[in-house]
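Next, two complexes with chain A in common: one pairs it with chain B, the other with chain C.
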Partner chain A sequence: MSTAEAVELLRVEGLRTHFFTRHGVAKAVDGVDFSLAKGERLGLVGESGSGKSVTALSIMRLVRDPPGRIVGGRILFEGQDLLALDEAAMRRLRGSRLSMIFQDPIAYLDPVMRVGDWIAETLMLHRGLGRKPALTEALRILRLLKVPSPEEVVHAYPFQLSGGMCQRVLIATAIATEPALVIADEATSALDVTVQASILKTLTELTETLGTALLLTTHNMLVVRKACSRVMVMYAGRVVESCATDNLFQAPLHPYTIGLLNSVPALESIGQPLVPMAGEPPLPTDTLPGCAFYARCPLRQSRCQVERPPLQEVRPGRWSACFFAEQAGRMRHAAG
Partner chain B sequence: MAVTPEIAPVERPVWRPWALMTRHKSIAAGSAIVLLVVLMALLAPVLSPYDPNEVHPLDRLKPIGSPGYLLGADQQGRDMLTRLMWGARSSLAIAVLPLSISAIIGLALGAIAGYLGRLSETLIMRGMDVVFGLPPILLAIAVSATLGPGLVNLMLSLTIVLIPPMTRVTYQVVVGLKEQAFVEAARAAGASSFQIIFSQILPNSLAPTIAYAASLAGAMVVFGAGISFIGLGIQPPDPDWGRMINDGREVLDLKPHVSTLPGLAIFVLAAGFNFLGDGVRDLLDPRMRQ
Partner chain C sequence: MLAFLIRRLLLLIPVLLGGTGVVFVLIQLAPGDPIDVLMGVYSSPEARAALREKYGLNDPAHVQYVRWLWAVLQGDWGTSIQQRVPVLPLVIEKFWITLLLTGAAALFATVLGVVAGVVSAVRQNTWIDRLVLVVSVFALSMPAYWLGLLFIFVFSVQLGWLPTGGLRSFIAEKTTLDVIEHMIMPGIVAGLTPAAIIARVARTAMLEVMRLDFMTALRAKGLSEGAVILRHALRNAAPTIVSMTGLQIGYLILGAALFVEIIFSWPGLGLEIYKSVIGRDMPMMLGLVLFSTCVFVLLNLVVDIIYRIINPRVRDS
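Our next item is the complex of A and B:
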């Protein structure tokens, strides 16, 4: 991949996270490989249930057990395998070297805690600061995030702030300790479009100045386009396509990606009707021997039903899990 | 980012007790009543016209408004007003102390059982079920039979009786809190279970638990008076409202004031605590402070 020469920060190998439910084993993440370089911004795209959030939670080792459990794979972060660490060592990493931002900002803040204390608590925990210096530091970070009147924001309770403001507070908490990796799980999905844009801008600017890597999961293709240099598309617990963001939007090489792009409004195709994808993703409890996208795929052949296409480099820097990636590439042009 | 249109101006929360009083009428009414009784109890040595156990055989059963006896006298000629003032002390102690102690214990046990779960949950909650099975009156009888009757032992048995409901209320709240997003966020920030219990779980379960405790204060006044009425609480000749009702029982048809005045006092104090309890519930919720 293009990041091979850059310093590798995170490498996920064969990650498998399963949920053991009454209805059977749900393979939410079933063999995901990727790597992330220092300071890189990687987007993880997919519809609900594709496994992108579970991938994010698995890296943090915050998958709720029971019912979820990481059943296989390795997560190498700064050279050490996170899955081999004990709980105390993992706790020291969370919030200091790798931190997380969530979808619903107001719900992810303690309702009876002033937001200044919330930010300060992480600093007290990982930097060993006292309450006073931690609050001063919280104020400095809010200024860095260009929050208006930060002196008043630190004294506010979450319910007194808007959703965008709460998300800024969560971002401040996440970056307070200058972690090496920030995982943003649908961080902008609950916000309206203008706020979304300004939050994304803040996030990208910050990761650039601090040299922090960003793993952004989202169902929104446009968010990825705005914020990420590289993108991975997930479907039914596996990565189906991985490449530089520009390449993905110009010439996708997997029929699922093409379907996703066709169902998103774009300026280039004004006047043309949106093409929604037919069918539904398979149930996570289903065990399919072949390609998970088979039932919805316009390019399917009998081979796809019995044999699973591996994720392979079909062109330099372009990875696709489709036997007919080249045909898929031509298909997009035919449609556009 | 010159313009950030989504940011609403932040109102810095200010603690304004008087504004609260005028907004929440029940707090005003409740605290006025409770404050009156507290003052009565505190100032009893100064304000009461007689010693509470001073007997005046010639003035037995004087009616309300007799000269020298504003609220009359009981069948031993003791001043009713004096005894009501002194009796407020035990009623207040019974209402406040067992509740506070059991609330603290219940918060700790409920938070541990609810958040940590597993073995601690089984041990604590099943243990509570056992104590729950004891009828409060029977427990009070057992305690006074073994340790002897009296105010301290009465409060002890009340504390034991109150711990299970307090623990259960906290437990229920904590089980709900545990699933909340901000607890997950705290875990994602690297907090340990005990740090989360202290920083997130306890502060968030405080309001509902205290509200529940406050709502029980009125019932405790009535219950404590009941125990003293049947003779297991405050012992004669010490003044207590429940005890005084019992004293007046035999002359209820002829001189009703001996029983009804302490009864009225119990009613008023219980109502005061109930008003206050309702108000406290609203007050402790930060969302209501606006």
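Our next item is the complex of A and C:
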């Protein structure tokens, strides 16, 4: 999927993360494959419950057990399988080689810790710095992020700062150790639109300068379009389409992607009504032999109900998990 | 902070007036007076009347109360009718002895309570969590006067490990070790109930913090589970634990100490209150109530100040 000459940083193979609940086994992630090159920015799109956040948490090995458990697959990061590491080795990687930022920034900071100390904690842990030099370094990073009056911000508690400011603090923490990969899980979703744009800009610029790869999960197509060069669409725990971002917006090759695109406003479709997708995604505890999108699909055939379409390269660099990908491509044109 | 302090200190006045007033009224309602206790029923009525006149016991109750209050305001806490010594120095002396016991009990209760609470929160729904629950319920439902007798029976009478009571031995040298030996049983008996309460509160407070989102962020930073729990979760749960601990220490000084001191004949405030009630020793009783109420209110004030210091959301708003 990635270009041949790019150096591979992360390869996820057959990842399956299940949640064992009273109502049955919820297959939140059920066979996800992808790879990510050094410095690449990949968007992971889907509705809530599609498995994108669980995929992100699985890579960090932070899925709460119980009820969740990674039941299968491999996660190769910088050549080593994260799922084979012991907890201590994994801890050394978290926050240093791969780090994560979250949806609701204020809730993801320690309410009784000054944010300067919060950033410094990571540096003290992974760089072995003392508190003073770590705080100086924290200040330098906040300046790098163009945070206004950083000298005051480091002394503030999270509740004294805005959501956008807290997210900058989390970004500063995530990049403080210059990791190879930053996972941003719905990192802009809880913020105001204007703040969203500036956080997104900060995130893309920083990863660009530092050569850090970015895995961005979001339900917002427009965020992906702005920030990512490649995109994967997830539905019911599986990847249904994967390609370069531009391709996806010009000619999606999966009916679910089309539905997703039709339901968000875009500049080129001004004046056209938005089409909400009919129906609901299947319950994660359902076991369907066929395509998970079958019940909502406008192109469905009887075959789709009994046979699951695999993710295939239907055109060069274009992967779709639909038996009728080519028809789907024409469908978008007809709608547009 | 200053306004807060002044407000709290002003609040002390009605609390003290109320506390001493209630004690005064209750004593008036109780039969008998200190002269009966002091002189016995076979003394001559003239001698008893003379003594009553001397201590001003013939005046109406409210006159007696106001006279006492006026004297206290001038620094005169009166003289104990039974022991015929000034009340204030005696109360202060007894206070230090009580503080020794309650300090030990509070330390025991806090350490045991917080450790048990944190462990049962981290190991929620495991055998150790259930064990802590069972022991807490046992400690909560065992009255100190019963548990004290049980301890004396087992550890002093049967096993002979520890002295049955008192502050020090009569024959032994006056060593610190001797005092500590005397402190162990009353300290544990007094501290067990507060330990159980602190453990329950600490467990709940920890669980409350541990389900918050920032716990995931801490793990994502690469922190070890120990650092997540001790440096962050416990730090966040601290305000709740501190206010409950403060209340429990106040309860120790005023409540538990009374029973425990009587059972283990620990010569502190509790035992003194008991003796002054039996002897209808009004000045002594009022002095003791006034003093311990002051201590209780000031202790709560200190706890509130600590609470504000460790909780930035209250402090800075």
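One rule holds for everything that comes next: the second predicted complex is superposed on the first by the 335 of 336 C-alpha atoms of A that agree within 3 Å, B and C clash if a C-alpha of one lies under 4 Å from a C-alpha of the other, contacts with A are read in each partner's own complex, and residues count from 1 in each chain.
As a working rule, contacts are C-beta pairs under 8 Å (C-beta built on N, C-alpha and C of every residue); 3 or more make two chains touch, one makes a residue touch a chain.
Just so it is clear, the structure is predicted and the values come from calculations on it, not from any experiment.
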item: Partners on chain A (chain B, chain C) - clash or fit; value: clash
item: First (chain B), second (chain C), both or neither touched by A:100; value: both
item: Touching partner for A:172 - first (chain B), second (chain C), both, neither; value: neither
item: Which superposed partner A:304 touches (first chain B, second chain C, both, neither); value: neither
item: Partner chain in contact with A:10 - chain B first, chain C second, else both or neither; value: neither
item: First (chain B), second (chain C), both or neither touched by A:162; value: first
item: First (chain B), second (chain C), both or neither touched by A:91; value: both
item: Partner contacting more residues of chain A (chain B vs chain C); value: B
item: Residues of chain A at both interfaces, chain B in one complex, chain C in the other; value: 60, 62, 91-96, 99-100, 102, 104, 107-113, 121-122, 125-126, 157, 159-160, 170, 173
item: Touching residues (chain side chain B, partner chain A) in the complex; value: 1, 4-13, 180-182, 184-192, 195, 199-200, 203-204, 207, 286-287
item: Residues of chain A touching chain C in the complex; value: 57, 60, 62, 91-96, 99-100, 102, 104, 107-113, 121-122, 125-126, 157, 159-160, 170, 173
item: Chain A residues touching chain B - in the complex, by the definition given at the top; value: 60, 62, 88, 91-96, 99-100, 102, 104, 107-113, 121-122, 125-126, 146-149, 152-153, 155-157, 159-165, 170, 173, 192, 194-195, 198, 201-202
item: List of chain C residues in touch with chain A within their complex; value: 212-214, 216-224, 232, 235-236, 310-313, 316
